[in-house]
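Below is one structure. I have some questions about it.
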């Protein structure tokens, strides 16, 4: 991971963020959709998250940033990981993401400029057009990068979410103090 | 993912496609054949698909393109994923692929020029010699690339199928309208 | 996969091979040792093989080449995959590999110059010093590359075994005829 | 894997090491946190270790180096792998790592200069500031690389631990003798 550089206009956007939302597959994971065949003909879902992303999200929570995810899929694996990372909002089975977004904004009592969203593919675009800080992961599709205020150097499932957290906490001047508060 | 460029002769081939077929291992996946050892001495198959490919295939179905796969292996994991991606034709346990191909073409009521096939290895070559649009994934073997009309920039299991879908829908002038129809 | 180039002295060695043996972890796989935690405190082994390698080994068997593996670990996953690839010799739980090697050579009725061995790490070195054709995978340790007659361009678990098979079958003038015999 | 070069001051530090400790996720693994969804809504942890790292750690034990790990997570998969690699110290569920470190140092009867520690993220920093030889994996965060005496060329889960073992055993002049003692 290289050291992060933040332009002044980006810093202004990032400093206002109170809620950090994100997609799951291809954003919190590398996009792999992994299924374990079962003897009865069914299949169980396996998800691979990233340890650096997890450390970032836990620090975000410690720093007072509220976090959440909105995804079209559903799995106990995501629920467990979201809990480990102290995520407050978890919306699964959302083929269209806007209703979940609006419910989160209402519950959190914030407006669009206080929300950041990290995404990688077409269903993320409507939210990215609304939020104060739209972040595309490094390996997102061109249409998503086009609407993003920032594209991470890191790839999805390999530090993209961590980079987004650092971008926000550094813009708020909170990252330095967080280093000593990191827990394994 | 870089933006796709399509040459005029390729566009002519792609614009005629009504059915998009593909291999599974090394085409819809990165070629990993993953087995989970069981206490009774058996093993269960794990398959890793790609979220971007899945989004592409779902959009293809929405756009009216019929899709399917022909593979030598068999697994509940593939069946579940094929259903999620609204695949119409799923042929498993096909050591030789031509009979399945001919059955699909007959059922779909199309001729060879209306079919595209994506492959990566030797058993895919006979089909690739027949279809209107033969696509090799970026990491296919040299013999396959030699018979392909197009080789994807993306690697198998990392967007190769998505790139093929975009190639076809853009050649038909349908991609732009699909962006707003994407569902997570 | 690039097209393979074979030097005349290498071709002489490879043309004599009747038995192709190999290590498993870091040779037939990418070196990942994957364990699934069980509720009872135990763990089940997951192994990821490569589809291109599998196609190569199946073609090797079709071409009359006898194949096998010698490994320190043990898993039902390997047993199933070895069967799928028509491997004749499977020796598991072999911390020292020479006894298994000598048993295979005796059973197969061949001498060292007719055997090829593919390896990646220190325990493979004694066998690689004996066989007629010692092959190191692309990401093997320096000590292994030093004793190898050939180092594959491909990495372990990503075509290294396939490259070894092609090297042998092409040196024997058998590869071209095999292409049409490939089965999925 | 390239051949390792060791500077004289680094060699002095490494030659004194008697105990080699390390983090797990992002150090012994590539940082992937993999969860298998269960039908009852729970999730089981899957961990992927590296065969080259394992060979290195087993050789370290053979050479008389004592090894161990300290991690915030907990899994039967890690316990099994640690046993396979003859690890003496395994401390799981340690959100803060210093107490475990101090207990290990006391049990082993050594002082800080005789301990090496390999890490990748913020919770590893306090230990890396104390030990005689602090090693950062190749893909560790910038804050960790800053406090390390050595950063591995290899990435975590792909030989970083092996490189650390070689660094220590070569500095002690023990590596050459170990090559023939390697067991699969």
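Of note:
Residue numbering begins at 1 within each chain, and the chains themselves are lettered A, B, C and D in the order written.
Convention: contacts are C-beta pairs under 8 Å (C-beta built on N, C-alpha and C of every residue); 3 or more make two chains touch, one makes a residue touch a chain.
Not measured: the values here are computed from a predicted model.
Farthest from chain B, judged by the mean position of CA atoms in each chain, is D. Residues touching across the chain A-chain B interface largely differ between the two copies, under half of the numbers being common to both.
Rounded to a multiple of 5, the C-alpha superposition of chain A onto chain D involves a rotation of 90 degrees. Distance from the chain A centre to the chain B centre is 30 Å, each centre being the mean of its Cα atoms.
Averaged C-alpha coordinates give centres for chain B and chain D that are 42 Å from one another.
Looking at chain B, one finds that residues 36, 46 touch two or more other chains.
If you draw each protein chain as a dot and join the dots that touch, you get one closed loop, with every dot joined to exactly two others.
Remark: chain B residues 23, 25-26, 29, 31-39, 41-43, 46, 70-73, 94-97, 120-125, 139-143 touch chain C in the complex. Per the touch definition, chain C reaches chain B in the complex via residues 1-3, 36, 44-52, 54-55, 59, 75-77, 79-81, 157-158, 162, 179, 182-184.
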